[in-house]
Amino acid sequence: MDFDLVIQNGTLVIGNQIMPSDIGILDGKIAAIARGLSGRKTFSAQNMLVIPGGIDPHVHLEMPTPTTITSDDWFTGTRAAAFGGTTTVIDFIEPEKGETLLEAFHKRRAQAEAKCVIDFSLHMTISRTDPQTLAEIQTVIRTGIPSFKHYTTYEGFALPDEGLLAAFNAIAQAGGLVLVHAENDAIIKHSTLQLKSSGQLEPGFYPLSRPAIAEVEAIRRVILLARFTSVPLYIVHISTATGASAVEKARYHGQAVFGETCPQYLLLDQGRYQDKDPLYAAGHICAPPLREPKDNLSLWRMLQNGTLQTIGTDHCAFNLHGQKDKGLNCFTNVPGGVPGIESRLALMYTYGVRRGYLTLEQWIDCCCTLPARIFGLAPRKGVLAIGADADIVIFDPNRKVTITKDLLHENVDYTPYEGFELHGYPVATFLRGELLVDQGQWVATGFNGKFIPRFIG
Amino acid sequence: MDFDLVIQNGTLVIGNQIMPSDIGILDGKIAAIARGLSGRKTFSAQNMLVIPGGIDPHVHLEMPTPTTITSDDWFTGTRAAAFGGTTTVIDFIEPEKGETLLEAFHKRRAQAEAKCVIDFSLHMTISRTDPQTLAEIQTVIRTGIPSFKHYTTYEGFALPDEGLLAAFNAIAQAGGLVLVHAENDAIIKHSTLQLKSSGQLEPGFYPLSRPAIAEVEAIRRVILLARFTSVPLYIVHISTATGASAVEKARYHGQAVFGETCPQYLLLDQGRYQDKDPLYAAGHICAPPLREPKDNLSLWRMLQNGTLQTIGTDHCAFNLHGQKDKGLNCFTNVPGGVPGIESRLALMYTYGVRRGYLTLEQWIDCCCTLPARIFGLAPRKGVLAIGADADIVIFDPNRKVTITKDLLHENVDYTPYEGFELHGYPVATFLRGELLVDQGQWVATGFNGKFIPRFIG
Amino acid sequence: MDFDLVIQNGTLVIGNQIMPSDIGILDGKIAAIARGLSGRKTFSAQNMLVIPGGIDPHVHLEMPTPTTITSDDWFTGTRAAAFGGTTTVIDFIEPEKGETLLEAFHKRRAQAEAKCVIDFSLHMTISRTDPQTLAEIQTVIRTGIPSFKHYTTYEGFALPDEGLLAAFNAIAQAGGLVLVHAENDAIIKHSTLQLKSSGQLEPGFYPLSRPAIAEVEAIRRVILLARFTSVPLYIVHISTATGASAVEKARYHGQAVFGETCPQYLLLDQGRYQDKDPLYAAGHICAPPLREPKDNLSLWRMLQNGTLQTIGTDHCAFNLHGQKDKGLNCFTNVPGGVPGIESRLALMYTYGVRRGYLTLEQWIDCCCTLPARIFGLAPRKGVLAIGADADIVIFDPNRKVTITKDLLHENVDYTPYEGFELHGYPVATFLRGELLVDQGQWVATGFNGKFIPRFIG
Amino acid sequence: MDFDLVIQNGTLVIGNQIMPSDIGILDGKIAAIARGLSGRKTFSAQNMLVIPGGIDPHVHLEMPTPTTITSDDWFTGTRAAAFGGTTTVIDFIEPEKGETLLEAFHKRRAQAEAKCVIDFSLHMTISRTDPQTLAEIQTVIRTGIPSFKHYTTYEGFALPDEGLLAAFNAIAQAGGLVLVHAENDAIIKHSTLQLKSSGQLEPGFYPLSRPAIAEVEAIRRVILLARFTSVPLYIVHISTATGASAVEKARYHGQAVFGETCPQYLLLDQGRYQDKDPLYAAGHICAPPLREPKDNLSLWRMLQNGTLQTIGTDHCAFNLHGQKDKGLNCFTNVPGGVPGIESRLALMYTYGVRRGYLTLEQWIDCCCTLPARIFGLAPRKGVLAIGADADIVIFDPNRKVTITKDLLHENVDYTPYEGFELHGYPVATFLRGELLVDQGQWVATGFNGKFIPRFIG
């Protein structure tokens, strides 16, 4: 057989198996797993791990806020993702007032397709529950968007319990999945007010405005609301040990609850807010905030024991200078979010696999396979399988790298992982058989990222 | 020494001790515990248990609703309580719009004092959190009302999380205690709407409108809100095993949470709603609704292991004919509540002590001592102690009685305990040394109940 | 490329992936996974699942007892295994007095190699802890036997705690793994004595002689002894929910504990002992005994949540007539054990996968991959991977079969699964690329089973 | 009424009540609780707590070991107890070979009665399970000894599981209660052997010979053996958090398990063994050994939540010089045990009540009421009740004292509590109405301690 491309002599990670083998690629799909394959092109993966391209289920690119817009757009963001070994991202649609869900979808899809260099999909944000909106959910799902994001906090996005129940109910009946950003709005408002009234407004005080208990309360509540409406639930960016425990218990009792955490909640902690430089603190403002070291440890354990299934980055980049610095006097003016789209696979390998928290299989599961499966991209994405898209990453387990702002390709003037030592790094990335990145160089041309409709259940 | 009254030869239940002894009473107080006492009057308690007068921490007498008023007023209700061995009740103040908390207190106190035949106190209801109201809390506490009732549901009463936090915070700072009726309002509204839209409105459908999960969610949430504001929390009328478990866990971690349940949640279950006669179902409509038999059992166990401290009746009497029957076509029109003020001690003895769920000490604790202690009536009330008020009940552990509407003195045309066999019944009740009831006869004159100011912490 | 054999058009189950593909086999190894492969021989797997050959980690073939010998020898037993889709078994070496461990190994290996038609390995039984025996452990491990079986009960086999500690310690230092048959000997003796003294000796009384608490106690104890000596522990044939819970807790705290259960503990219950026919009861005598239906359910759940990793059969066949019937008057004379080597894969598919307890991946994990991995047969066995032995089973997920004694090839006059309906059955079995069974016919010649040395850690 | 003695104006602690009152005593019994009593003698308790005399359920007086005898005999030991506010002790009978249980009882009773200055009772030690011994248990119980001590370790005392089952079974049928010293013998032997083989024999190594896991294993096991034989179980001197947790779980499931801990396990930790002076380490050798600070904390919490019911001292005094120093080169030669009979009440008050771990009621419960009730001394002992023995302690809650060897009356040349600050101390002790100790002076004459037969259930 003559393949378009053969990736030779790599060590494939397929489910819980490691196998030294070639991979043959034809028409952008994986066509053969065997040794000694020949093809029109070959790529040597000697001494390398060959893994599925990463799926980042939680990113915010080209996202406007009331006062600014994220520094990474669909081009810079997806290119950085590809450098880091991610070949599919799932971003969000945020319908504006007066816009139907589908209108918003088409607008957002077009925006992405114009610039995207990897594949992408979108979650639909539900921030209103009028009958027309609820009625449209069925159609949205049929269009390939089966996952719906909800907020329990944030002006303009937060739904009260009544709204959550109405939306969950409609989504359950239509066969969709709900995502929730879970933090108790009243606790946040109450805390923020107390900080304001005592003049504690510098960025360093920010974590006090969103205490752990706010997340814990909201996670417990939405689990019950989801149980009540029989809808599968995915909780984004879990940051606390106690919040994750609530997921663990629900899963133990058989409820369909999934949990995501992010590298920042595994590797960074609230010590970052105590720096003398308020801009440094501002650079770490994200919601939920960074937590305590013991939360880091518990979240690793919750990944290990299967309570948490996925690693998203919640990549949401704003420059320190010109964006984050607008709030040096008042943390409520700091645009929230941290960048991280590029370092996910490598951070999880060095700090997860090499430290013994994760097996190789679990690493691939949480970064590739399970995001694909939970959100309906499988079996096309997230796995090395005959017939799957040839989204493949060549990962050198022995490459040593130190993260610096300059190393990365994210379009933002800092990285919270500055100075992190990595032992293992992606060296090449293929999207549907096309080489995008090779040895740190961008080798592709054009914007070939495609919208991938998703179907679940 | 010459006592005003000596209760002779009884078996006293004092804490975890049983002791055969006389009690000597002087000036309405317990003055001596010894054998062979003599006094100007004597009362034989041969073969009887001598116990403190009951404290019912949760009653609704002479309570108006939008369309009617409870059938028991301060006179009929407190007289029935006395027949059943209860010598102090704690009812509620519900300030009206435009009325200060203190104005409402004085009005309610005067109303009670005019007719009350046993002692009473009042909880203050907080259904608004404007600055003036919050500012008044300190004064209310100093006046002897340290406990504040909150609702998470009910039009006109429910506070959202923001309101609960504001109130809890103010009460914590003033040194008070919060009570909460905990049911998730959104779940109730959502469920009620679904029942309405499917035409399921007869009383038998009522429990579906307030599912267990509504209580569970709200209990978990208010426990966290109370923890966040460092206020001691008392959850009224817990009806579910899972709700009680939340209290158990919070107590295990050292939080000051108290739990109350009621005879109806221990002894009755939702089978009652399935009767062919809708009026029978209506007679059992109370909030939260009756639950499953397994909840009954778990609540007994939670009393046993100390998770729940008190038995209140939530006595709230409406006649079947002329009141409950207004809602035969739509359960939302049935005034909610069940009577029970008279049977509490005897039901808890027969079904608690005789069945082995409770020790004698636990019976007295949950019906007398702990309500007194938690709400600041101790050491004056709730115990047989030198110096305490001589509120004493003579309880015949061998008297066999069957509950019927005619046996009871509650001013209502039914009892949910009709036909319950009792083995043990109160035969005499003393209030501050004065005999009120003797062998089923009312032997006192006048309205001698007094308002008892309470102080905690 | 020209393969020796191509299995065409099957649906491969590889880890958590399903992929429609051919498999190419060369020199007895899996050489290619791709579509459109050609080879000198082909085998159509159209509409079939293609899975790794089963690994049964717990069988007893040609095992003598004081009074008899198992009816299945190395030939009949391994042939039956192959019919059922199992291509490797792990049996036991039981050194006799005066025999070194290695002498016993060589004798047992030779016995097996003479008749075995599938591959095999052996666990070493430790029933004495003299210094010479302990000193030999290192050599045994180097010879390819890294797993050591211990008994807490059975005359001649049981080790007291001191013995367990000595053995565990020696095995830990040599880098081995300990297996334990965990039942408290004193409870069994005490119970048996009580049954004897009350004349309750028919087979139906058997389960009372080995109550659940005996297993629970011993499992908890050996977990602590293993923790104390830092040795990885594998508990065989877990039969009780509470016993499995102890494994769950230990794993939660990070201890290396593995759990095995058997089809009989998942699918049969102690109702079997209550049959009027004592021979029927005798046919179900095995240790531990069958338990309650709720244990069945819990064990399924423990497989589901990963507490239990493997399914062994503990196949130990004795004929009802001529063997089991020796104990009709006294259960202690019934040779213990049930047959099951042939039905494992199919029972776990129908009752595990089809009922929704297990995913396809979990089915393969517990029957193939994890036994191979835990005991050191991976990556050569237990997976479909490039370079692995071509031990492959073609499984028809739609074939409907009813188990009867006549259907099976086990050399024993009954099956406890008589009448079980199966929906899914193996239709062909390959050992290292050689077809053994095809459509219910034995198509191989000779005794080609090999001893497979194992190495762990 | 004219009392023999009136204790005036004290603050009585009765169950969960505090009451300012006099106590009138007649014929050695409590006859009246009232104010203004008059008697032939009076004793002012102004500003004092008046509490029941302490019951120490676990002491070893005049106990021989193979090489020596405890330094405190029945006289010095019970006198020290009385100074500390303890009016009843329960010691042990250890039948010798060839002696029946009753013979041993009579001998031990006579020995005590000759010298005892407070009341006493005895537990029977079961270290053999021959039929005659088991048959005698019924008689022993009828004689007033319903509690039987068992050991899982110690040459000559330890019973294997078979023995424990036989004894537990016999005691269950006779209506008795079992006590167990729970430590896994094999782990102790294994650990001791390892220490010996590495020459680690100084007293400082002692705790390594009895690791926490030895206690945990044995506690879990005996709980199951007790459950299996349906016998109530009392576990002596629990020293570990995890051991106490096992009791907590068993109690949660309704098993009759009681737990005792000792002041040394609440207040001292294994840092004591790390002293440079081996004699200091030797002075703290007791079994089980002192544990970690976190165990201290957990045990306080387990007292608080009711998992543990009693405080015994396990008083077992050996002089440092002439006894403990025999083992300076080898800890196995150090006679095991620490003194503590005199400081129990005061230590528990200062470190329990004053630090907020215990309420006044819990203090009295664990030191007086519950030992009396569990072991069958109630209602005669352990409570202030009409009709009870007038064993009364006058406790000054404000007296400040520093523990030193010289302050105490124990006949031993050190105290492990040297330097402990106390805030609260007993100032007078009455035994059946007779004043024994007044303001630190011994004011009684003769040896008036009596054997108190006990009856339970």
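In order of appearance the chains are A, B, C and D, and numbering begins at 1 in each one.
Basically, contacts are C-beta pairs under 8 Å (C-beta built on N, C-alpha and C of every residue); 3 or more make two chains touch, one makes a residue touch a chain.
On a predicted model such as this, the values are computed, not experimentally measured, just so you know.
Colleague: Taking each chain's centre as the mean of its CA atoms, which one is farthest from the centre of subunit B?
Modeller: In terms of C-alpha centroids, the chain at the greatest distance from subunit B is C.
Colleague: Could you please state the distance in Å, as a whole number, between where the Cα atoms of subunit B are centred and where those of subunit C are centred?
Modeller: So the centroids are 60 Å from each other.
Colleague: If you average the Cα atoms of subunit A and of subunit B to get two centres, how far apart are those centres in Å?
Modeller: One centre to the other, that is 52 Å.
Colleague: At what distance in angstrom does the C-alpha mean of subunit C lie from that of subunit A?
Modeller: 42
Colleague: Could you list the positions in subunit A whose residues touch two or more of the other chains?
Modeller: Where subunit A is concerned, no single residue meets two or more other chains.
Colleague: Have a look at which chains touch which and call the overall pattern line, ring, star, complete or other.
Modeller: ring
Colleague: Would you mind giving me the full set of chain pairs in touch?
Modeller: A-B, A-C, B-D, C-D
Colleague: Touching residues of subunit B toward subunit A in the complex: what are they?
Modeller: Counting only subunit B, the residues touching subunit A are 160-162, 164-166, 169, 184-187, 189-190, 211, 213, 216-217, 220-221, 224-225, 227-228.
Colleague: Enumerate the contact residues on subunit C facing subunit A in the complex.
Modeller: 1, 12, 14-21, 24, 31-36, 252, 305-306, 361, 365, 369, 373, 379, 383, 385-388
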